[in-house]
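The structure's right below; bear with me while I get my questions together.
A, B, C and D are the chain letters, set down in written order, and residue numbers restart from 1 in every chain.
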Amino acid sequence: MDLQAIIDDITAELSPRLGEGNVADYIPELAKIDPKQFGIAITTVDGNTYQAGNAGTAFSVQSISKVFMLTLALGKAGESMWKRVGREPSGSAFNSIVQLEHENGIPRNPFINAGAIVVTDMVLAGHQPREAIGEFLRFIHYLANDDTISIDRRVAKSEQKTGFRNIALANFMRGFDNIKHPVEMVLGTYFHQCALSMNCVQLANAGLFLANRGTNPLTGFSVVSARRARRINALMLTCGHYDGSGEFAYRVGLPGKSGVGGGILAIAPGKASIAVWSPGLNEVGNSKLGSVALEVLAARTGWSVFGP
Amino acid sequence: MDLQAIIDDITAELSPRLGEGNVADYIPELAKIDPKQFGIAITTVDGNTYQAGNAGTAFSVQSISKVFMLTLALGKAGESMWKRVGREPSGSAFNSIVQLEHENGIPRNPFINAGAIVVTDMVLAGHQPREAIGEFLRFIHYLANDDTISIDRRVAKSEQKTGFRNIALANFMRGFDNIKHPVEMVLGTYFHQCALSMNCVQLANAGLFLANRGTNPLTGFSVVSARRARRINALMLTCGHYDGSGEFAYRVGLPGKSGVGGGILAIAPGKASIAVWSPGLNEVGNSKLGSVALEVLAARTGWSVFGP
Amino acid sequence: MDLQAIIDDITAELSPRLGEGNVADYIPELAKIDPKQFGIAITTVDGNTYQAGNAGTAFSVQSISKVFMLTLALGKAGESMWKRVGREPSGSAFNSIVQLEHENGIPRNPFINAGAIVVTDMVLAGHQPREAIGEFLRFIHYLANDDTISIDRRVAKSEQKTGFRNIALANFMRGFDNIKHPVEMVLGTYFHQCALSMNCVQLANAGLFLANRGTNPLTGFSVVSARRARRINALMLTCGHYDGSGEFAYRVGLPGKSGVGGGILAIAPGKASIAVWSPGLNEVGNSKLGSVALEVLAARTGWSVFGP
Amino acid sequence: MDLQAIIDDITAELSPRLGEGNVADYIPELAKIDPKQFGIAITTVDGNTYQAGNAGTAFSVQSISKVFMLTLALGKAGESMWKRVGREPSGSAFNSIVQLEHENGIPRNPFINAGAIVVTDMVLAGHQPREAIGEFLRFIHYLANDDTISIDRRVAKSEQKTGFRNIALANFMRGFDNIKHPVEMVLGTYFHQCALSMNCVQLANAGLFLANRGTNPLTGFSVVSARRARRINALMLTCGHYDGSGEFAYRVGLPGKSGVGGGILAIAPGKASIAVWSPGLNEVGNSKLGSVALEVLAARTGWSVFGP
């Protein structure tokens, strides 16, 4: 199987469609991005990297960072964290508050905004936002084995200005005592992790431990146990694409996590970690061309977890 | 890997816990079942069958039949069927009507009751219930290569008496014109398919095509394309356990479909089809010991789709 | 105050607007009505009757009959009836099912469909629909002192054919054991009471007991106690116009009950009973010109219960 | 009719029940109040005042202030204010956020928290909170003709500390652009108006304009037009007691507004303004003994708006 040829083909096939979908406009900094971009990178468990298109261009990973924040929180709080956040698909939009009211301030899963805010609260653990953000960034450097990855402070600031819904979610949960730190501290940290800036190659590298029993095969760094890697993959598959998770599983068949910056991290367990990026989003907020690319890739490689 | 030893161990380990959970009591015939039973059967794609406990005892498969009905409907209506039913997890109980009101009578997926009723309406396709039930039963015989499988008419009748919620769901959708036949015809057919009676061995055989690219390796019968088999598996993983689907994916990591009769059909793509049965249900309506058995089985075999 | 002049003026002022709004089209028989009609009748507690426009034309009272059915049920079951139906505005559409799921099958008030179906179930009280419908019609004859009032069986039949939502509501509540008779019996009775056919004069007469301490001053017939009359008026004011009840109270300031046939019964306590009719409905399902007429009437007479 | 005798009797009858219900505990300062208190005051349109029990003890009026804030906002923005807040009963708890999500950030009415926050935003109108609070307090002094009425800053501060739900509501609506000023400014103002401290006599005086065609008969001060007074009364009747509004209309039959401090302002149009206070609340958050007192008062005076 010639992976380079496959992703070159995909990139070529998608080039006439560049610009499809809508760039997220509620975060002012993201609205400025040129929509006609597409990048893809694959890192395999045997240590090879393949890339095509704008795979070297950094973009705002946004909600994809929730996967790494969850990994960090599981390391700190262990399975007891599930008292404060659920593990079920939400059946509603990424920023819905309805479910919180009906379920006493316990978010449905760590990949919707409310859940990720609770996870951030856990990672804070009494520290200052600056320290928590530093710890998070060091963790990303460790995962990707790349100290140049940074947080885009303009994007973080841009979110803080307009993130009224997230402020509402956090205060609402604080009213249920499911947020323990002052809301400004939690959201300050949350907005910074969302503003993590990575390119496709870095992102594929950072996620590779999930494809390889919890250990990054490039560095030998052990991140989590094999069982925990499987469980994070399971959460990505059932909850990783908001109210489009079922659709993604149906079409692509890989655990994945999308961000409104247009990126998607997908895991082929035992085989590879894949990052795609294209800024235009579909109607449920996932990268439109990114989803198409992964559907074709899964079909051509036979990597779907649901069968050859 | 000695599969027989693994399932014998599991059966022995669970024997002190027989009777845990609650038998579904809203269907009178099911309430009469002895809860202290447990059976498991595995059929592998290379043609071997393993069984333990009460694997030869027939039970009411209930919602597991939704997998087969969906397969039948996809054969008739193709992908156009997705105009009338969604592919997303529901985020609510198996018999909720709230979502239908908010989403114009389109059920979220084919594995909640409302969705399965729409699927049944598609399979009816202008025929009489008697014919549709006959077609469905022949399809099961074909899948399992076993003509002795039957529908328990007492159970079907028992459901009809108390199924007020299902009558409500069907009429509600008919008000949105998403049910095309008279409600009595649709529900008559629906209650009969739910009353399908199979033992674990028969059920594992019937599901084997989903583990083997759409073809039953025991008979060579082709049921669906490899792609469609993957897609049905994806739906089972994201939606197969009602509002416990995320939990099942997290703990077990296999596509699966449960029924309130206490059965679960699980698929290890490329490897095997597994049927477990134990009548006591957990709080979201899935077999309690059946779920535990599958969690242990997946751990010991390394069959989780989310990684070794 | 010259009431005849007031209603003649209103009728003249509204004549250029005849036909505004939309005639209910989901009940086929109602969809056939000429929308360019308007009638009004007032009966005062001192025994005078005033009428204008099409006040002598019979129309389908539809949900206005819920007031009379409630009066009948209160006479049978007394205040204990409130265990099975609430007394709060619903905050949702007249045929919503969402609230029922969240509140265990107890409808919010007797004037939304679900609540009126429960009230009908109470009035049935073990009798056959034919008897209950007979009793209801005799009660109307007694209230209006007019034996010519009848039920339009074509309308009743027309509703039965398309009333899927009502069948859903009734079965849903039966699943919560809040409907005691077979659903067909309850709905058969329910659809017949909705199909009650009256003209404005008859309707104003029938409601007059509510304006006069529970006794019809024209006949001297005592219907309910003064306290019960006040309470029924209170329910009409808070819940009588579905999700437009607040608006009606704000603009008109009288207890009232509307029906999708285009009629409204309004009560000026201590003064008069008023019936208006015009088939075109506003966006929440209440007679558009009827509401306007009552707003003007209340302003000119000073009859608002909220102050001179 | 001897009003003094009536309220003396009511006060005596209720004395064995003092302490029933639960004092609001989510505002720390309110939780400290001695629950065994009861006061009542009536001011009639002909200028007499009657009082009994703890009618001279100041208490936190809380949501009752929403009536005065609405009056102020109507004076500034006129009927155009209804683009930003509805006029329908909510069918849910006083602090629910669910409805806001389903209805694009437009609160159902000005008497639930979300609605009152929007009203406060209108009153701010570009000014600083200090100025808006000053204007509000001067308005209260004018209404009650009493310059000694003040805001309890400890209560205001106490709310600010724990009002996470209100912060959530405000930010949520700001996300829909239905709050125009910074949330801290709006809530700072909002919490201060809630912390208004009055005794029953002052409160009855302040509300008297609503019983007298918009003009305070004691001072001759004109506050609003007769039509606007009726409309505010209508809103109080349909929406003044959260999800207990229907119940209050059914039992008492007067426009009223309750606060979690245990106060209720009730209006008998054309007759009197009544203030009651007793800190223990019923299950929907309205003064338990206060509601009972008003029910008895309405029965004995015949003041129900729904008939003699």
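General observations
In this text, a contact is a pair of C-beta atoms (placed from the backbone, for glycine too) under 8 Å apart; a residue touches a chain by one contact, two chains touch by 3 or more.
The structure displayed is predicted, hence computed values, not measured ones.
Minimum number of contact steps separating chain A from chain C: 2. Taking each chain's centre as the mean of its C-alpha atoms, the one that lies farthest from the centre of chain C is A.
Chain D has its Cα centroid 32 Å from the Cα centroid of chain C. If you average the CA atoms of chain A and of chain D, the two centres end up 47 Å from each other.
Between the Cα centres of chain B and chain D there is a gap of 55 Å. Shared contact sites, meaning residues of chain A that touch two or more other chains, are absent. Contact topology of the protein chains: cyclic, one closed ring where each chain has exactly two touching partners. All chain pairs that count as touching, in label order, are A-B, A-D, B-C, C-D.
Touching chain D in their complex are the following residues of chain A: 96-98, 101-102, 164-165, 167-172, 174-175, 183. For chain A in complex with chain B, the touching residues are 86-92, 99, 108-109, 210-211, 213, 226-227, 229-231, 233-235, 237-239, 243-247, 249-250, 253, 255, 269-270, 299, 304-308.
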